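Both complexes shown next keep chain A, but they swap its partner, so chain B is in the first and chain C is in the second.
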Partner chain A sequence: MKSIKIFNSKSPTAKKLDTYSANKNTASIFLSIARYVFLFSFGYILLYPLIYMIVHAFQSADDFLDPTVQWVSKTYTFDNFKLAAKTVDLYKSAFTSIFVLLLSGLVEVFSCGIAAYGLARFNFKGKKILDVILILNILVPTTVIIIPTYINFRYMDIAGILNIVGTILKKELRLNLLDTPFVFYVPSLLAVGIQSGFFIYIFKQFFKGFPKELEEAASIDGASAWKTFFKIVIPSSGVAVLTVFIFSVIWHWNEYYRPAMFYSTNYPLAVKIKDFFTLVQGLGYNVYSAEAVNAAMAASIMFILPVLIMYMIMQRKFIESISQTGIVG
Partner chain B sequence: MKKKTKGNLDANKNKIGYQFVAHWILGLLMFFIIPIIDSIKYSLTNITIAAGELKFKFIGIENYRQMLLSDAKYLDNVRDSVSTMFSSVPIIIALSLILAIVLNQKFKGRLIARSIFFMPVIIATGVVMVLLKSGYLRVPLFNVTSGAEYEYGGLIDFNEILLKLNFPSSINGLFAKYLSNVFDLIWSCGVQIILFLSGLQSISPQLYEVSKIEGATKWEEFWYVTIPMLKDVILLVLIYTMIQLFTSLDNPVVAQAYSIMKNNQIYDLSSAMLWGYFVLVMAVMGIVLLLYKQLCLKRWE
Partner chain C sequence: MKFIGKKIICVTMAFAMLVAICGCKSKDTDEEGSDYDVEYVYEYVSGDNSSSSSNESTDSTEKTGNSSKKNSTTTSGSSTNSKTKSWEEIKASIPSKLKGTTITFYNWNPSNSFTGSSKAIAAFTKETGIKVNWVTGTYDDYITKITAMVASGDSPDIIRMRDTNVNILQSLQPISNLGYDFTDGAWNQELMNLYKVNGKTYGMILKDTPYFFPAVMYYNRSLISRYNLEDPYNLWKQGKWTWKKMASMCSEFVSAAGTEYEGYTMPDGGEYMRCMGVTYITYDASKSKYVSHMDDTRIVKAWQFVSKNVKEGNFSNTVYNLDGFDNGTILFHANSAISSIRAHFHVKKLISNGDLGTVPMPTVDGQKTYYQELGENIAFGVPKGAKNKEAVPYFLRYYLDCANYDMNDFYCDSQAKEVVDWCRNQTFFTNMDVLLDKSRYGDSVHDMSYLLRQTESAQIKSNLDKYTAMVAKCVNDSNKSLESLK
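Right, the complex of A and B next:
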């Protein structure tokens, strides 16, 4: 960043020497106006839903039906949030979202980091096959393998051992993991959770660019590979961890596909938001009514607010860290 | 002698690698490879649900035949999703590249602009978008897709504009559809903008300095410095965008398979649908990447 500054800044004398300076000034003013117009018009499209959400979340039902009210409501109310919280069963579903999805998202950051380090640093037999499988893992959509995975969780087994023992004892020993948090914890622990292929890829690219000398020095000093990894590599890979962490949080928080499949009750927030109109109908509201629509917007605000705040805080570091992870070459 | 010990040491050191990937290999076996094999198996069997247990009967390619010959919607959906891909990918890539270049420039309010333009990452990948696009709310920004019916929405009624401009009505619908899709496409640019932006930041400023000294115009600079330097990022974005378009639940084929799987519990046919589709997707992606390599990468070398 600093070097860009040096090259772009012009000293006053240099400006004077520039014979085209007058022309260039007009051009640059024109360009900057064009830039703002461009950004405003696209920014408007992107901000529109957010503004729409905020306006409707605080709007009373009367204002919704009032044709003179467009953007600025006449009265403000928190009723929509109350109805939204009631509809989505806020405390319970937020609890599931945080302690099941977000927690497994955190676990995934580390399990993926470890696997990626193995792939990036060691040249063992079968590594090439694993590299290919990694690409396949990123490419194959979840939908393709969701049914076998569902059945897998319904009759959880460890390499068929429980099944064999079970048939001998004539007892069902295979575990039913559906409706338990383990359907998220176990894959995350084994680095095959939500979007984990992508995370391993990011980590792998980063570790490949990581200077080998540091690790070699550590291993000469007698540190084991694991010790090197935890004491040297992890502390210096803040940027990769941050990138994966943010993606992981966003994607786990937003995940509704798997929870909807593997859970039958106790849904996390994302599933409840998706089914909001069905749920609000269950409470006796018409889906097209002002109350329902406003409450849906209030629920959306509640849902994206935590991620939005986290994102706003980390936004600046995030971009810098992505360029440093080396995923973009 | 010395060499041998060193080789042994290296081999030993490399064996430690297994410790790092052991959990992942177990996970891949349990949650990726076996499910994939199972899923292929399902697509070749007839599955009946009896007393809570699934019963499998091998029937060969019967499911694929049924999907291609007797399902009226499947082929239409496949055609739709491939044509959508070909119309959307160039727009998404061009749009996100332009936005990334603009956001990479120095101007007042850049930080705010950046956080606005990454908002799609948070909203669009998530469930809120499902809610916003649902037919219950008539958010005037989005096209509402309810089942097979395609309704025009959007901020600007392009259909109306084109009619007023005296466009022939036969091509009107097509244009209006693509134009109003542009608004939807901006929403799928979030991650792409981030990738391009970080790619732009990793281009060394010296290159621009050299091109300036050589007397290149901004236009030439863009085509001869920026684009070739971004070739890896473009490849990454290309792959990411295609996966995103092909595998999202908005995709008509995926949506169709998902709905018959979840609502009607027909596991065999839906597996066949997804596998048939997946093979096609791989083929299309392979062709696109090959073309990219042949036409673009070679020229930029």
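Right, the complex of A and C next:
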């Protein structure tokens, strides 16, 4: 019969264990406190600009100038949003942002996926050169190539054919894409749009880790490369597609430089927000006035709100898709 | 070997990144000098010892409020007494082929930014049949976009310029290409010569134009009367409006009003040295060169004056506090005359209350010459490849003429108009500090100003010396770029 050891809480061993547990508890409490203090401090630093923006977006001009008002306003108002909407010509600029930039961002997800699949899965002549060009696309800043790009869009040609025909006919046949949405649609469709190199790189790395067995199985069943891509690879690439989709939407929404250069009218929201203080002056407001500053905060909130909401929704799906994706590496 | 090669590339890139991070310089904004007790070296200039070749003057009457003869020596062979043609004569000389054509005017402000601008354009179109297409670009990308437009052959016909900035000049063509006679006395040859490079002029501006914005000093009339201070306008008229006087008024004001008030909010602190006729970089039109003046002792003396007054609380350390000035907590503010335009937004409250007083910049005590700084040196240029360049001078001749604006309505009051008109006849001084592009050289004029106005007098020289190499490089680079305009 096994002897049952009864735990004597008054034994020296038990006391040692108690002391150890107590010390451990104290240490963990201190650690928890320290952790929360650090997280709250860090969170405060990160969230401070956002809180400042929200407070001032709803604050009246009088409260802004009142030194006794810090975070809690005495009066709340939506006038700042009205002024902001008027300054940036909200409907027009939002229309451009959504139907030009966002749309081209969505198209880019699709085109970059195709390009990445080709680079990941197929061997062909010139593939290494394309890999180098891909890296250059990521490394070379837009400002360096903006002028040749501008000229390119001003005289858009297809392999020089339009130029040759135009020279023969003594007419300018090359297309002027400037000030049209095609300055974004065309590069996105051809996977050379905003940050496309980076997107292709993400997709490529993901597809490289994709098991070939699935594709081989599809191939045995008679599926073409396109069918394999759309029926097998894409449905299983939710994580990568979602990641690229989020990045694409955010980067296209925030894009300022290219629209400022390629457009002369109908600027998207990002350009209007960047030039907010110049625009608000045109409405007769001192750029340093309380009204202008509060309106700028309101404009910033209007600008980041759609992306913030989208990200909060997508983040949940993003985590879900990670857990649902069974294939790893 | 392949594997080692990849490793080498990775290590090289990591090293490059590390060097880039280490290369970020830390800025010491506070001079922890040990010489707080040392008497600052400061003496007023007892005579005119201008070292800039473009600013010699012998006229000693400019200090007063009387109109005086303009004696700028930035010109060469310019005529200020040419006969001024009437608009009817000009209109009669417009080639008939220009009727029905369109001029594209590229700007960074909308056309309604200036009172009467849209009206003047409409009137011009009605009189001549030449249409004007006003295109507004973004301010930050203004020069890059012009360069891109010129490179693509899509140049606008007119662009607005602010100074002899080589980055914009490279996109322009000389006005001699326009086939227009600029000897008409209406054109401001003195200012246009500031846009002369290697014998070719690139900028156009009229003499009597509302688009002339010299640097002026503003003051709050209600504060002056409330605290029984001397009226700066009267001081100017009596020839007593000097920097020393202004500083003492600031001191008097702050003592009487309290420390929540401030005497003077500066644009950048360099106004005093510019009133001495010197700044970090100027443009010598006679030699078509940018010149560095970092070794000029007047710059040290100027900053000693400014930092002394900042330390004594007479001048605010916060620059460009337009809000404070407009809200009546600051007595003086220097800015371009654009702030005195009735419809302008800078100091709306003061203008609407009739409290905005305007006087020229104070003179430097003991200095003979009054140097009129051009706050916004506006001129207009024609980019290369402009399709309707011939129509441009006719348009500008009309658009820039005061006669086509209600000048009484243009400025906030008659005093502002009087002061601006007086400034037109002074020795012009233009500074090219704008070439110090922070993104290119690491620091801008504002960074230098921030450091210098908080520096003890004894350390001003050594702090200025820190920027000498940077300014020299900027001047060198800009002069090299000017070579391409030959």
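Basically, the second predicted complex is superposed on the first by the 292 of 329 C-alpha atoms of A that agree within 3 Å, B and C clash if a C-alpha of one lies under 4 Å from a C-alpha of the other, contacts with A are read in each partner's own complex, and residues count from 1 in each chain.
Criterion: contacts are C-beta pairs under 8 Å (C-beta built on N, C-alpha and C of every residue); 3 or more make two chains touch, one makes a residue touch a chain.
Since this is a predicted model, take the numbers as computed values, not measurements.
Participant: Here chain A is shared; do chain B and chain C fit on it together or clash?
Facilitator: In the arrangement built by aligning on chain A, the partners chain C and chain B clash.
Participant: Tell me which partner A:Y257 touches in the superposition: chain B (first), chain C (second), both or neither.
Facilitator: After superposition on chain A, A:Y257 lies in contact with both partners, chain B and chain C.
Participant: Quick check on the superposed pair: does A:N123 touch chain B, chain C, both, or neither? Answer first, second, both or neither.
Facilitator: first
Participant: Given the touch rule stated above, what does A:G238 touch, chain B (first), chain C (second), both, or neither?
Facilitator: In the superposition, A:G238 contacts neither chain B nor chain C.
Participant: Give one of first, second, both or neither to describe whether A:I151 is in contact with chain B, with chain C, with both, or with none.
Facilitator: both
Participant: With the two structures laid over each other on chain A, which partner does A:Y285 touch: chain B (first), chain C (second), both, or neither?
Facilitator: A:Y285: touches chain C, not chain B.
Participant: Is A:R316 in contact with chain B, with chain C, with both, or with neither (first, second, both, neither)?
Facilitator: Only chain B; A:R316 stays clear of chain C.
Participant: Return first, second, both or neither, reflecting whether A:G209 touches chain B, chain C, both chains, or no partner chain.
Facilitator: neither
Participant: Going by the clash criterion at the top, which of the stretches 384-392, 402-410, 420-428 or 456-464 from chain C hits chain B after superposition?
Facilitator: 384-392
Participant: Quick check on my understanding: which residues of chain A belong to both its chain B contact set and its chain C contact set?
Facilitator: Residues 143, 146-147, 151, 257, 261, 271, 274, 287-288 of chain A touch both chain B and chain C.
Participant: Inside the complex, what are the residues of chain A that reach chain C?
Facilitator: On the chain A side, the touching residues are 65, 143, 146-147, 150-151, 154-155, 178, 257, 260-261, 264, 267, 271, 274-275, 278, 281-282, 284-290.
Participant: Note which residues of chain A are touching chain B in the complex, please.
Facilitator: Per the stated touch rule, the residues are 1, 3-4, 7-8, 32, 35-36, 38-39, 42-43, 45-50, 52, 111, 114-115, 117-119, 121-124, 127, 130, 133, 137-149, 151-152, 187, 189-192, 200, 225-226, 229, 250-251, 253-254, 256-257, 261, 270-271, 273-274, 276-277, 287-288, 292-293, 296-297, 300, 303-304, 307-308, 311-312, 315-316, 318-320, 322-323, 327-329.
Participant: What residues of chain B sit close enough to touch chain A in their complex?
Facilitator: 13-21, 23-28, 30-36, 38-39, 42, 54, 99, 102, 105-107, 111, 113-123, 125-128, 130-132, 134, 136-137, 139, 141, 155, 183, 186-187, 194-195, 197-199, 201-202, 204-206, 208-209, 232-233, 236, 243, 246-247, 249, 254, 257-258, 261-262, 267, 270-271, 274-275, 278, 282, 285
Participant: Quick check: in the complex, which residue numbers of chain C touch chain A?
Facilitator: Going by the criterion above, the answer is residues 108-110, 112-113, 135, 137-141, 144-145, 147-149, 151-154, 320-323, 326-327, 343, 345-348.
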